[in-house]
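What follows is subunit A paired twice: with subunit B in the first complex and subunit C in the second.
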Partner chain A sequence: MLKQRKALSVPYYLWIALFVIAPVFLLLYQSFQNIDGSFSLANIQTYFTSTVYLTMTLQSFLYAFVITVVALLISYPAAYFLTRAKNKQLWLLVLILPTWINILLKTYAFIGILSQTGAVNQFFEFIGLGTQPLLFTRLGFIIVATYIEIPFMLLPIFNAIDEIDDSMVFASRDLGANEWDTFRSVIFPMSMSGVRSGVQAVFIPSLSLFMLTRLIAGNRVVTLGTAIEQHFLVTQNWGMGSTMGIVLIIIMFVVMFLTGKRRKGGQRG
Partner chain B sequence: MIKNNKASTMYLLIVFILLYAPIAYLIYYSFNAGGTMNQFTGFTWEHYQSLASDTRLITIALDTLRVALLSALAATIIGTLGAIGIYYAKLRRTQTILLSLNNILLASPDVIIGASFLLLFTLVGFRLGFYSVLLSHIAFSIPIVVLMVLPRLEEMNTNMLTAARDLGASQLQVLKEIILPSITPGILAGFFMAFTYSIDDFAVTFFVTGNGFATLSVEIYSRARQGVSLEINALSTLLFLVAMGIVVGYYFIQKQQRQRKKTAQIDPTNHEKAVTP
Partner chain C sequence: MLTEEIIVSFQQVEKRFDDEKVLKNISFELEKGKFYTLLGPSGCGKSTILNLIAGFTLPSEGSIYLNGVEAKDTPPNKRKVNTVFQDYALFPHMNVLDNVAFGLKMKKMKKNVIKEKVMAALQLVRLDGFEEREVAEMSGGQRQRVAIARALVNEPDVLLLDEPLSALDLKLRTDMQYELRELQQRLGITFLFVTHDQEEALAMSDEIMVMKEGEIIQTGTPMDIYDEPINRYVADFIGESNIVEARMVEDYVVAFAGKQFACVDGGMNPNEKVDIVIRPEDLVLTDSEEGAIQVTVDSQLFRGVHYEIIGYDSEGNEWMVHSTRKTEPGKQVGLQFEPEDIHIMRLNETEEAFDERIEQFSTGFDSNEESEGVDVNA
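Presenting the complex of A and B:
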């Protein structure tokens, strides 16, 4: 009887072995191979001694950082105001809905909006700034990536603020704190868990958005994701691609560790 | 409750406009007779007509739907059984390990998933095409199904299971008559999420698709690389309407379920709910 039940979960365990554990080891194995297929540390050596790879990684990191910070600055006030809006669930749904639209279509829209004669430049002409290059620039990449990531930042922050008990806010007001004090010493500290998951949800994908860099930034921006895609699908240097994949995984774990749940602090559970 | 003042409502409105402006822009120019995305010269349905006669794109759309339905179905079955496996795992440590393994793919960037699956398919000599895309979509959809089903299992009233066993039900009967009915909402939510994951995926598909097979995302990418074509605008209008429909439908199903749950809480015969506040 018990065996029957266990047998039902076998496909799931097979999935774990084949599609979760095996791929990670394949990536590791591949990164220890040079281009003719024998074992070597060449890839890792090249990666850590070549200024090209190291600057690329650093730049990718900086882009992701800027995107995360801008997304946070825009989303936090929005999430805060959202929790106090009349129909907050409906508002939330409306602000989250753009994530349900294919990312490539949203990116494609910006090819029109940011182009030489697009909407933004028409506006710049109108207010007398003149036409600015936006498409195929770093700024264009940051704008589009931030646009795409905002809802992913907004949702966890909204949830964190929304979970704060109203009586906390009222207590603080009763005790004489004004709105700003209440925000600074009650709401903001208690919403940090949401900020952390938002940062996690935005930073890691920002390192790997290769289609954005290709469509919006031309070849001006190379992120880790772009480089990995290029090594796997264009230059066919899978060893080096895997090495960068491992680097990306390590960065991912570091970010997850830094933004992970902390046991200490005001919140329980 | 503190209400918003004018300034904060304005801020929300601005964010709303910023988020929707690009989508509105796409839809607006899908009716442009001018053929570009910046000078509106006149209204036309022409791009929708060319969309309707683009057999290549229609085939690709149907393929995308086929992959999404099949992968969501398979992922739901495997994921649900996996969640039941995790639920019954005896040691707490085993549960934690299984769950962390489960969540690896959810946290990994698409590029890593795509690249490592490509390595896997190449190693075993699997031909890239429809089946490699299907298998990859099943693989990255399973963890979300598990996450949707597991909370329902944990909410389940364990007394029901013991009672059924006492009354002589076999393991399979317990599964069929008690476990499955009580986790159905989780299973449906899992299927729904798996379906949308598959429809929206670009990066993983791009790595494992080879030459002969394309999904809508991959096709849009290769067309967008060649520049603006208002047929894509027409397509995005249609996809936007579909997405709206799905989300609104989902919202109402959830709302209904929330209401049903409330009535259960008032039910005085349900002791467990009455005792725990």
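Presenting the complex of A and C:
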């Protein structure tokens, strides 16, 4: 029995070793190589001294932050009302459905919608605002990125709110809380786990979005993801690309740590 | 007695969910400082009554008065009613202190007042020293005490308890019965307790309301309901009983098991079909010829305090006897009982008619017993 069970776990460990641990070590190894292939700390030094790289990192961070916050502001109320809707599973499906469509297709669809002659600008024209530049702007980038990320924020929050037993709401009302107090003191704190998962699921991928930066933002937005792609595929500077990959991984861990579940009752010390 | 304050009053309340009538024409009044129990099987509508009082749902017909005021427009958070939920519904993201303080915080009380009241409430349920504990770290019994403290700290007019003991093991359940009863008498708050456990109901209540399919079948003190059940349903629900079909020959004479017996009831038509109840503990095991009826012992179970003996008479009626004396399966034995041990129930009698008839025909002996019962409870 035990041997069988051990045998069953072999594919898992193989997978982890080949596709998780090995690539990370490869990244680490390459980030310590200069362009000639000899060991050096030059990449790391360049990264942390060059204003280009640092502003780019900061920019990526800011965009990811804005995308996450906007997605959260839209998803939380949506998830909340969804849990109280009559056919909540159906409505959830409708909101999750776009994730089934290839991201490139969605992006090209947005190019059509946001372009000079697209549906949005036609509407602006109609209400007398005139044609506004949307495609190849930062705003356009944020709109499309947020749209793409919303399902990943919505789903964990919906699940967290949906899991809260009705008796919690009854107990709160019974103890004299009005609807707003009940939301503030019971529902919101109890759904924090969903918010944390949602933030993790949105913030980290948003740091390295690269296709959207070219197709929607017209290279006006350069994120870490874009830069990594450029280093690997265009300038062939794998060392620098790897260094940025490592930086992304570290940021990821920081985000996981910051949004991670704190010890219960931590707020009282 | 007439000046007793009425805290909750239901007047012809009906509740429908979709087309299903969950409550049919419910009327009752709860007086201040008494322990009431709603007793009935699951799905009989007893929890719906609690939800109506708490304000989580509104009646489809009729009115509910809290302290004499029609409660329709009062939301749950404005009612001076608190609930101990079946699953306790403690907030898992708060510790014991914050859970108990929740209601007071919502009332925007001063911090030091809250702290003082919470400590007093925890002391009341013997949980002092547990204020910093997380809910998840506590046992079922402790959680329940937190739930009671959380409700009581708000000083409600009525405390609603929705089967709060059902999740506890037998020993703890019995202990909590004493504690709840004692707490209620000390605080003088009206308790409305919901249960499907007749022992719980009998042990704790001043008054029991027996429910069936959305109706209150009988209301009375535990003694009344135990000794004078209105019909087969109540008799069966409240404790073990022998229910046998019988014929009322005339006032004070009833026929069953092929014989006629003296009894203390009357007011029926001659030869009316009735049901009679004799409690197993009222039957005395004798030698065959000394008994009022003869039965053949079918089985005998040792129950600790007594033997539970099942026997059949010549007409095939089943008789359950609780006896400290032992017998043997297959043996012929006699059963003896007193005229007042036979409780007669008319078929399909309303509670009003029943009460009226009991009033008229109950002897001095019966009313004495009732007042004794109240003394024991008080």
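Here is the rule we go by: the second predicted complex is superposed on the first by the 252 of 269 C-alpha atoms of A that agree within 3 Å, B and C clash if a C-alpha of one lies under 4 Å from a C-alpha of the other, contacts with A are read in each partner's own complex, and residues count from 1 in each chain.
Quick note on the criterion: a contact is a pair of C-beta atoms (placed from the backbone, for glycine too) under 8 Å apart; a residue touches a chain by one contact, two chains touch by 3 or more.
Note that the structure is predicted; figures quoted are calculated from it, not measured.
**Q** Thinking of the overlay built on chain A, is A:G128 touched by subunit B (first), by subunit C (second), by both, or by neither?
**A** So A:G128 meets neither subunit B nor subunit C here.
**Q** With the two structures laid over each other on chain A, which partner does A:L82 touch: subunit B (first), subunit C (second), both, or neither?
**A** The answer is first: A:L82 touches subunit B but not subunit C.
**Q** Quick check on the superposed pair: does A:S167 touch subunit B, subunit C, both, or neither? Answer first, second, both or neither.
**A** After superposing on A, A:S167 lies in contact with subunit C but is clear of subunit B.
**Q** Figure out whether A:V94 sits in contact with subunit B (first) or subunit C (second), or with both, or with neither.
**A** first
**Q** Going by the touch definition up top, name the partner, subunit B or subunit C, that contacts more of subunit A.
**A** B
**Q** Contacts for A:I21 in the overlay, against subunit B (first) and subunit C (second): which applies, first, second, both or neither?
**A** In the superposed model, A:I21 contacts subunit B only, not subunit C.
**Q** Which holds for A:N102: it touches subunit B only (first), subunit C only (second), both, or neither?
**A** first
**Q** Of all the subunit A residues, which ones make contact with subunit B and with subunit C?
**A** Shared contact residues on subunit A (touching subunit B in one complex, subunit C in the other): none at all.
**Q** Any idea which subunit A residues touch subunit C in the complex?
**A** Contacts found on subunit A: 165, 167-168, 170-178, 181, 185-186, 189-190, 192, 264-265, 268.
**Q** What part of subunit C is in contact with subunit A in the complex they form?
**A** So the residues of subunit C touching subunit A come out as 54-56, 75-78, 81-83, 85, 87, 89-93, 95, 102-103, 105-107, 132, 134, 136, 150-151, 154.
**Q** Could you pull out which subunit B residues touch subunit A in their complex?
**A** 1-4, 8-9, 11-12, 15-16, 18-23, 25-26, 29, 36-39, 77-79, 81-82, 84-85, 88, 98, 101-102, 104-105, 107-120, 123, 139, 142, 146, 170-172, 175, 196, 199-200, 202-203, 206-207, 216-217, 220-221, 224-225, 227-228, 232, 235-236, 239-240, 243-244, 246-247, 251
**Q** List the residues on subunit A that touch subunit B in their complex, please.
**A** By the definition above, subunit A touches subunit B via 1-2, 4-6, 8-9, 11-13, 15-16, 18-24, 26-27, 30, 74, 77-78, 81-82, 84-86, 91, 93-95, 97-98, 100-113, 115, 117-119, 122, 147, 150-151, 166, 169, 179, 204-205, 207-208, 210-211, 214-215, 224-225, 228-229, 232-233, 238, 241-242, 245, 248-249, 252, 256.
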